[in-house]
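Think of it as A, B, C and D in the order they're written, each chain with its own count starting at 1.
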């Protein structure tokens, strides 16, 4: 499949059409993450319009989107950029393109769910900080949380933990 | 007595401790029965669906199917905006997308039809009857307490899922807060994203989101911020000193030392307490600070609250 | 099927768009098959289904109804009726054992001479391929 | 008695245009053999003088009763040959044209097949003409009076032009003064002349013109009839002031104790319950707003009556209905600014006092406005320093507003920026835009000058406006930089979309005029008949047809006036006889034809009849076609269940004959 066809397939899956966007910028104007993104939602649509799939997949925009839907909400043409971003993320991952920090977090998160059936917040933050090499991030809050027992180092797994792990296993296999 | 199948969400067991206590108190007082879905698991927000659409659907589907099996007549309620979004999306996809339903049932190994609704606390508290019940349950009221109601993005958007009419200026929480005598302020960040989803993996990029929310709430004269989601709650609260310090350093033109600014206690004049709406309701319904473990908050709340009772005697009782 | 089979097709064309388009095709000396005979009507909305049935009964190999594009009707709404009517027409034909591919409703404006030529050519070829 | 079928067929060579591509003589021979054909001949150029003479001679010589001419397209020479037949004793509608040039000789290459087709075409024409009947064009009289609906600049211009040509005009305006939107404006782009200074003299001309009857506080209630012969009912609303004696001294307005929000000032000021729309109102006499007047509501007050030196006040005044005979109608109902408050929650939905629309800004900056032309923000009366102008609010937004571009906003946004920078030294203006559209004489230059004045154009649509303490923050993207911008604004001006005026749909429905999906009146042809409608005798002027600026509005008004004058200059007009006709005995009165008619030409009417069998006198409904309204599309004929309604000139039998002829 050519890059162009792949792009069109992503767009179709996301139910977004290049021609729907006339680049008014209302999306990027309201996007809370716009300041940090390389393209922002409008820029991403521009990439799609000029057929530059590579730029989309390699952008940090797709990893920084918080999925808050402010862009779609205000878009005069109802362009669902978050849906496109979701598809772009999957395609990027299929190609092994990743943003290191997001990848570390997401994988740690899912491992935590696999092991406990739930999200072990402390373990997640701790492991993330180790793998992402950000040892001091949020650590100032730890003493308070320990003192007030807001985090429990000894979270017990739920009964159906193995069931959840198998569920994830099956779902992942389905994707392949 | 109204009953709901209840999905507490992972934060309920840890960081959202006081909110969880308040939820129990409020729903107990209102006679609303929240039946915890047995052996529920994490919905996966937001990492699971980022990694895989199927995993993102499968995780929420397990407790939802569980609830459907056990309590086929009950709607599902959750107190966390992230969980709400994931559960709602799964519910909606299974209903409207045949292929999605096929995959979910296949992976789950059991039927799931998404017959019931997924709701959040604001949905179930803003009904006419519930509002009256809240009013009847109030034991004390506030005065001169200006509150900025922060709904968070996922409680209001996307519109076709949440059904919230005015996504830019939602009213449900404001109306609830007003029942207690608190004065909701007109401010600009009710449904702006706080960036909680990326506070770990994109800390540098998302810190300004919460900082802007806090700044706007203060600029619009709010004494406290009210939330309807433990993720927003934690995000707005835990890192306040960091935001404030950073801004002050920037104003003074000094370089910022992250560790230093994190450890130093925040200036009480600069910080703003953050409470969940159920905590505010619980307090107005007579719950004491100790019972709700309000001291678990990162930003002290006791002082602001105890000064804001309409009946000054209440302040002395309120511990 | 005989190789030299020449179908006879009748086309009801509205005076304001398609007939004008056909005139323009003539003016531009465009060439198309001789098989189509045009009946001029004021509006495609004037075409009574009975005309079409009569044509088929008499032995027409194909029938076309051509008018202005929806929204462009000289009489503002006439061709909307045409459109609705001829959706049903196809089913009626099928019910009567007539291949609905022998019936075509097309929108050709007064400036679309080339479209007139192409449509006539295409329909003639199609009906020729369907045989007698 | 059926007419004789003695048909003459004449085949034209058109030089070699026809004769070169098919065998004319074979066609002549074939024609001769056709049933009913008494004579057939050919000639080089039938349309020429000798050609026509040849036909006329043949008619006389052979006693022909019907004529078929095989030549070029009927769209070319049908009229020529009809005129020719007027010189003979044959009715001009007993003529059919077989189009053997555009349909045969020009488009086919096979000589034999083209000939064969030409013969078929002639056969069809002969068959059809055999069923033709003589028709007579009707002449309808024309009432020499025009009605103009709407007293904005479009209506004023149209009325003046028609009146200057010597025809009577009735100008109906629902407000208590003419002037419309234009008099609300301060200055007009691109020349910056004062809007009131150029429009009020025209208003005075209207009131002084001997040919113009001005009806303010009036609304058109009912329109019946057709081109040249409309019957129009106009409701003259009660004004409670006797305008025949009132001098407009203004004492009553000064003393009236009750004030309400002024619509004219767009809610930025108050006006008394007895009021003139604005100081230069025409007529310059006050009316009482019955919804605001306490005397009319509760009976207590009566200050105006006491103060009036001439005793003009009449609390008993009532609405009156006037009936008018009208020959032509100009629709000039204009527009209203979009109600952005219910469209854009992200702009505060009206919560912020200092977010105003363009028309409000016009009042703010207008010397006769509530602030006497000083730009002060509504919330606290402070002069703003930073003003943000947002374009395309409600325009170019299919989800929240309208898909169309409102056309004038780019220019008046530039004008607003210019006025702000002129009146507020040190002020700053940011204009957020998606595209800048300045197609007009002197428009691009005006935009250039605004930029030179110091207006900052930011390409991007404002995403949201929120309050931060005392200021309003306008958040959007500078899409040329690719950076989000947040501007602390003291005043925000939203340049809102134009929408069809309140009630314009009612007016158009009353007239039977079509509107497009957005509610704008539909012109007869977007390019070639831009001021006519599908309804004969009804014309469009100004924004009611679609968003436009003042120059275009005035141009269109004059154009529609020219059309009206052209019509009213005639004493009577001929209508095409090729219209629908009802066979009353066959009509069952089911009414299926009525809603299908795009011209509301068909009505069911009670007709006396006798009951079959008993012979008792009864009344029954029968469809009736109004010859003035019917345009001859024939849509009704298909809807008729009994086949009672038919189209003259294109009767069912005629078309069926054509069809049959092909397979004889």
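Details
Just so it is clear, a contact is a pair of C-beta atoms (placed from the backbone, for glycine too) under 8 Å apart; a residue touches a chain by one contact, two chains touch by 3 or more.
Note that the coordinates shown come from a computational prediction; the quantities given were computed from them, not determined experimentally.
When every pair of chains is scored by its C-beta contact pairs, the maximum goes to A-B. Ranking every chain by how far its Cα centroid lies from the centroid of chain B, the top place goes to C. In terms of their C-alpha centroids, the spacing between chain B and chain D amounts to 55 Å. Averaged Cα coordinates give chain A a centre that lies 54 Å from the centre of chain D.
Centre-to-centre separation between chain A and chain B, using Cα means, comes to 21 Å.
Our note on geometry: chain B versus chain C, Cα centroid distance of 65 Å, whole angstroms. The multi-chain contact residues of chain A, meaning those touching 2 or more other chains, are 35, 70, 73.
Touching of two or more other chains is recorded for residues 167 of chain B.
By the definition given earlier, chain contacts exist for A-B, A-D, B-D, C-D. Every residue of chain B that touches chain A in the complex is listed here, in rising order: 10-11, 13-15, 17, 39-42, 44, 46-55, 57-59, 62, 85, 103, 106-109, 153-154, 157-159, 167, 191-193, 195, 197-206, 208-209, 238-239, 241-242, 258-259, 262-263, 293, 295-296, 298. Residue ranges on chain A touching chain B, taken from their complex, read 32-33, 35-36, 63-64, 66-70, 72-73, 86, 89-90, 93, 99, 101-102, 104-107, 109-110, 112-113, 117-119, 121-122, 124-125, 128, 132, 134, 136-141, 144-145, 148-152, 155, 158-160, 163-164, 167-168, 170-172, 174-175. Those residues of chain D that touch chain A in the complex are listed here as 346, 392, 396-401, 434, 459-464, 475-479, 482-485. Contact residues on chain D toward chain B in their complex (touch as defined above): 345-346, 348-349, 351, 464, 466-469, 473.
Residues 73-76, 99, 101-104, 106-110, 113-114, 116-117, 120-121, 124, 514, 522, 534, 578, 596, 598-599, 631-635, 637-639, 647, 650, 652, 655-656, 658-660, 662-663 of chain D touch chain C in their complex.
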